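Scrolling down, you'll hit the structures one after another.
Okay, so subunit A shows up in both of these, paired with subunit B first and subunit C after.
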Partner chain A sequence: MLIWKAWCKAVAVSVLLLWASLSSAQAVDADKAKLTLALATEPPTLNSAVATDTIASFILAHLMEGLLVYGPDGELAPGVALRWELNADGARFWLRDDARWSDGKPVTAHDFVFAWRHALSPKTASQYAFIFYPIKNAEAVNQGVLAPGELGVTAVSDTELKVEFANPCPYFLSLTAFMTFLPLREDVLAQWGGRYAADADKLTVNGPYLLNKWVHGARIQLRKNPQYWHADSVQIKEIDMPYITADPSAQFNLFRDQQIAMAPLDTGLLSEAVKRGFDIEYFHTGSLFFLEFNFREGRITANRAFRKAVQRLIDPALLVNKIIGLPGIQPAYSLFPVTVKGLKAGFREEYPVMRVTPDIAAARTYLRQAKAELGISEIPPLMLLAGDSPRALQEAEYYQYLFKTGLGIELRIDQQVFKQRLEKMRRGDFDIVAAAWGPDYDDIMTFADLFASWNDNNRGRYNNSLYDRLIRLAQNSNDPRTRFNAMAQIQRIVVDDVPILPTYENGALYVQNPRLRGVRRNIFGGDPLFRYAWIER
Partner chain B sequence: MLKFIAKRLLSGAITIWFIATATFFAMHAVPGDPLTQEKAMSPAVRSQLEARYGLDKPLIEQYQLFLNNMLHGDFGISFTQENRKVNDIIREHFPISAILGITAVLIALVGGVSAGTVAAYYRNRWPDRMVMVAVIAAISVPGFVIAGLAQLTIVAMNNAAGKTLLPVAGWGGVNHIWVPALVLGLGTMAYLSRIMRASMLEVLSADFNMAAKAKGVHGWRLFWHHQLRNAVLPVVTELGPTIAGVTTGGFVVELIFAIPGLGRYFVQAVQQLDYTVIMGTTVFYGAFLVLVVVVVDISYGLIDPRIRLHSGGGGR
Partner chain C sequence: MELSVFRFARRTWASDELEHIAPLPLPKMATPAVVVSTLVVIALLLFVSVGPLLWRQDPSQQWLSQISAGPSAPHSVRLILNSGPWQPPAGEPPQTLMVHEANTEFVRLQWPKLDGVKRYRVYRASAHKAGLGLAIAETDKPYYQDQLQLSYQIYRYTIADADTGLLLLARDVRPDAAMSLFEAQLQGLVPVGKVNGRQQWLTLPGHPLGTDALGRDILARLMAGGRTSLFVGVVAPLLYITFGCIFGAIAGLAGGWVDQLAMRFVDFVVALPFLLFMILFRVAFGIGPGENGITPLIVAMLMLSWPGSARLIRGQVLALRSQPFVEAAKLAGVGTSRTILRHMLPNVLPMILVAFSFAIPQAIFTEAFLSFIGMGVSPPTTSWGALCNDGIKTLLSHPRQLLLPALFISVSVLAFNLLGDALRDATDRRAGVAKA
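Entry: the complex of A and B
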């Protein structure tokens, strides 16, 4: 009966709501400067110290502002910091005095000191704590060896912040735009404790937007923050996200019905979008997909000749064009995607990668060598660990076919859902795994140190002392040329020794309402970014 | 009657305990845990988190703790929705699934009983064949296909009209309910109409039906009091599990129509290995199912006076 009552009540309330809502539903509204979107999932948390996912990063980029921000052209621009100095030993930031929290209090250097100490505290258990490690004593504070007060960050005054480095960190400025580096209010955090940022009324922000409404699982609504120091430049007054669904078809249908202003496309929807004459947009997500080999004791894949055979067998261009067949995705040949920055231009333009041409005969020669070295006449069936998406399966079946026809090896596909796949990767329960990596910060090191012997994300346990030395060299140098020369050597090792085999660089396709302009698609600093967007009449 | 109810409730409690225990150990047997993340965690961070969530304790101790908390109605805090209590998740999202589910069952019930009756009355003639073809289609086409087609139809309809006649997705208005509820109830409707058809055919050839006719009962009274009331019993039997099934099985519909129901949390929790939410939703749904079945058992007696709830049986 209770449910019945609730049902009647809900229907009654809904009838009222309906008349209120019907008139306002629209993808873009130039008069009200309002934008409507769908979210794929709800952010697990909006606490910047512990958030890890892309949805939280997107929302926080609109709610908060760090020392530096990404500007309208994707360049680093002043945020809370007006100016700064960076050298090999540390950095210094001078904060603007008109930066305000949403309750009117000034944003001070102390808010940054508190936030960074808080994120590094072992109690917080932030997964992104490692991103602070270039700062002096950060690692020791994070492991509980030193007190948070020992962290090399000081508020010289309310408007001056001093940072000391443990290692040179030429990319430190881009780090300050990352969400874990955002300021936090000590008093607000103390007030809400574990419930901080759990609801719309439980956080204080300092960015272009306020969290106006958060109905869990159903709706997030952002509204322009009048306290924001640069509020004049914010043109879109309201960003409403009343739909939360991970189904691309549902989002596409909402887009077709003019209910939302943007929608992602997958293979099935692409032709539909083309047919309807929508403008199809594309951006490089900056992430790399690759096959990772297992180097643990007794694995066939630890043999270099065997890996060379696989390298000669698989053609990334064929994989991308014939198997995946989605525009925007491009074949990968290097550990470093084309989006990685170099000295002045892209790293890949400055240091082109040596390409290995696929060649079945060469692959078979390598295989014979591998068998001789391993002292076996037949390669036993190998396990390929793969994800559970349709694309992952397609890709895995392609490799299975190539292994069988090209090398006469049976490749068994172990298809696992997300967490189980990660657990098997961690345990080393695979011969080859189809893996991926998205960059955390805007520096080549976010890819390079992935296969250093000490990196926990090095799931294949690749161990190469030259590789490790080059990483240490780059980490301890502030000279760009020294760093990038070391990276060029790393790039060569990856081709030559094949710890991984890059397969493709990921791109995302989407449709966007033509009246919505100035949207930034970012690899770093929150994506998509509507802070500089506007709606055309 | 009271003894019967008490007995059913006791066996229900045992069932729930069994569900909870089986789920608890099965869940922990799955490789990985809620803390498994894309980026590897340093051992220090991991042990902090394990201590915070009590995952560092021996499994049997975790189980005792869980049972103790469950008896106090506390399922803890979600691992993935980091600041939300499992109880809050159930309280906020179950009513939405319930509204959707009950509407779906009502649609299915009315549609299924009518279609089944029509099919039985016109046995082996064209209305019967049409109903049965529709039934096979509705049972065999998967829900996500029907949901997608329904959504496309709305888009086309709205485009043709030039305004929003029915919302494509979302929640909050009464018009948001109808299409998802219809999609959700379609399979059940088809299933119920088959049962109704078979049962109605039985009634139509039964002696008491002949007797009633012979005594001059006809028309509406014959249908309502003698045929429908008897034929609908098997449908009512199915109703209990159906209500529970439809209310809990709306995951796909909730996903496609962007409805913030509990079904989504139920399925996502399993994918994410969100231990606390898995336990909370499973136990909650288990209890709900048991309750519905008991209610249905009791309602037999109200519909069919021949069934009396004394000997502890009460079933058919």
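Entry: the complex of A and C
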């Protein structure tokens, strides 16, 4: 018996020791230039032609390199393209001849032509196909009307790429840094077919890192790519992500135990992080949260006076300061977040937005007007479609209370998971929806054309001919002043006609290991970016 | 030879043996556990029924100026009319960190513009805690208006150089209790429309247990939540135990193929998964999102939880049917209904009572669990389970918001269980013998 017990103890101790040695992976290891992180979820795919989510964008930003990339200060910098030329009719790119794929073959202009045609092919069914539409014939190719060969992209030689535009696209350079514009190898794609990029050995990359290991649902490991043309500048040799968990508390605990180098924070963890004396960092994610109204036939929310009443009732500042209560999150008053660039400085500095002051008396006056216009004496219960995160529910309960006490309207909360919410938004199964939009490329148009009548993401089916005309005007113009003047008018329409009610501009709070430096938090082009990071000793 | 007639010896009963035969007295009902649990149950019922009459606060009223506040007594606050964006008045910049105005709606800070500093970082901490606290903002201007969830306590503000991290200025600030005009109008403390230019003071009610993450009074919410929880806890068992008893009694009395059929049906119902059917009932009832799920909850419990009591009662009825006293009654020509009423029911009733008292805590717990996972009540209605669900989000910073409703669930479940235990002891004579 005694021997048995002693033996048990020995085994337990050795197992513990083994466990300790296995999990002794440090958050940052200066000697090996190694970094350990946690991943929120596994990327659904790493095929750049069909990927849509932020996790895939983050990993692809480390694996691949497009024509242009975002540099250490968030500026556009040369990637595979050495120099370029952009005008109203098209663009030309001259590629560097030392860019290599991970198997040693050179990256050529043909790889880009193939990738873009592939992404636009109706068979690929890429959700981001629309982002190519400024290119000549892109829309027709995507709808299968024209053959892929008709797309306005040609490889003049192995190192020269020519792009023709359908209409002027002053923001095309920032598009080329987007993940759907990344090059693809025709032979590799043909070899793996539908299984392309499904495993670590089923893709070829051209960026600073190689996908060394991918254990589905458990671990992703990136290692420095020796074939990368600028490999000397990559200082972190290994990025290990052995934890995949979306739970912020779990990630925070890992950070606290020095297992990972970065962790996001939410409301509940904030005071804990302050108490432990961690440096709390935040950055503006560039995304806008808003309430979107339904303009379909027979909806109360299609009435302008009703929307104005809601606008006078909901104060973004009150929501942000009292309900959300996180620093770094800013109240929103415009369709365009403060991060959107204008002529020289920020758009919002050049074209300030009119701020509507909350006023219950005015809101009730508008509501009376709305009832008179609709010919009803009582507003029926309205459906608020909201996300399933704790913050989304809290926000929804706040709106519910505001509507009840401020306007006497019953608001029912329809909480749905992300996919289901998108589906209900698409079907128009809501009166008001708490939605959000993150920018895809570094231009004001990524927000502006959202509520054009032809945009699929205009879930409320807002249809305003003036709005549409202004978007068309901006899309067909290459003159920045004309474009931004049109945008200023759009900003005014959004305040005046209330197709949406902006609520807040999101900020992300996180803690980071102080020895890890130079990490880029990007709005575009993969976030966070460790390409330029280093570890201090 | 005369054989003595064999006779049984006359048995003399020892007095201690007689006691075994004499009917045992029923175990005493008034054990401390029973008294305490009964009192707790009564207290809980009073809490949810009379409580809201005494504590007249709306459980869904959100005091935006008192988010996640601790226990407080009634107090008066200043009415703030201008809580919009702010810029310091033109004039001489201050020599040091200056506080223009400080109340719980905003703290307006201004500091001298320092050479070589491009961006300032503003930290805020509780004055009695060490450290810089939370970096609330970064700005390139030498002033800042802090409006971020201020509460009535002393804060220490620190201004630092955002680029170098060098600490520049610091100061303790005690904001006055205040409320914005918008909120005062929303809460109905100030009439809408007429804006009185003069400064006003408002009296706010206290919150003995504090407020939750949306500024709602926790005491009022516990009362409102308890109503839902105890309503489900009593009504659902009442319905399904009644149904189960009738079903079991019919099966037991009828016997034969009816009994067989009924019991196979019971086996079938036992096999149905509760959670799945709960969701199906929601769909079947056409309970849209955002509507209350109390009715489908009770119906699902009624339709899925009755087999236990049906089996219990059927077994008891079968046993009673072959008892001599029932057979004697039959022989004597007593009718079926009178047999049931006179002989069966009194013998089954204690069992029903016990089953009922054990079903209540189970139902309370089921409701709490379903509300916790978001399948039960929907806001603004609440229950103890839903309160726990709200509270778990702020567990680290304000554990009170989870622990209080959890305590109420635990206490009520324990009290009803103890009561059921005592009731079983009191009615089950065999158990009584074992104990004696």
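Everything below uses one rule, namely that the second predicted complex is superposed on the first by the 514 of 537 C-alpha atoms of A that agree within 3 Å, B and C clash if a C-alpha of one lies under 4 Å from a C-alpha of the other, contacts with A are read in each partner's own complex, and residues count from 1 in each chain.
Simple rule for what comes next: contacts are C-beta pairs under 8 Å (C-beta built on N, C-alpha and C of every residue); 3 or more make two chains touch, one makes a residue touch a chain.
As the structure is a computational prediction, the values presented were derived from the model and not from experiment.
Once both complexes are superposed on subunit A, the partners subunit B and subunit C fit side by side without clashing.
Touch criterion met: A:Thr405 reaches subunit C, while subunit B stays clear of it. Judged by the touch definition given at the top, the superposed model places A:Pro327 against subunit C, while subunit B stays out of reach. Of the two partners, subunit B and subunit C, it is B that touches more residues of subunit A.
Contacts of A:Ile413 after superposition on the shared chain: subunit C is touched, whereas subunit B is not. Look at A:Ala361: by the touch rule set out above, it reaches subunit C but stays clear of subunit B. Once the two complexes are overlaid on the shared chain, A:Pro264 sits clear of subunit B and of subunit C alike.
Between subunit B and subunit C, the smallest C-alpha to C-alpha distance in the superposed model amounts to 8 Å.
Subunit A residues 249 lie at the interface with subunit B in one structure and with subunit C in the other.
Against subunit C, in their complex, subunit A makes its touches with residues 249, 267-272, 274-275, 277, 279-280, 282, 315, 317-318, 321-323, 325, 327, 355, 357-361, 364, 383-384, 390, 393-394, 396-398, 400-402, 404-406, 412-416.
Subunit A contributes residues 3-4, 6-7, 10-11, 14-15, 17-18, 21-22, 25, 38, 42, 44-45, 47, 50, 52, 122-123, 125-127, 129-130, 142-144, 194-198, 215-218, 242-247, 249-250, 253-254, 256-257, 259, 417-420, 422-424, 426-427, 440, 455-457, 459 to its touches with subunit B in the complex.
Within the complex, the subunit C residues that touch subunit A are 60-62, 64-65, 67, 84-85, 125, 129, 131, 133-137, 147-149, 180, 182-183, 185-188, 192-193, 213-215, 288-291, 374, 378-380, 393-397.
Against subunit A, the residues of subunit B that register as touching in their complex are 30-33, 36-42, 44-45, 48-49, 52, 80-84, 89, 92-93, 95, 98-99, 102-103, 148, 151-152, 154-155, 158-159, 164, 167-177, 255-258, 260, 264-265, 271-273.
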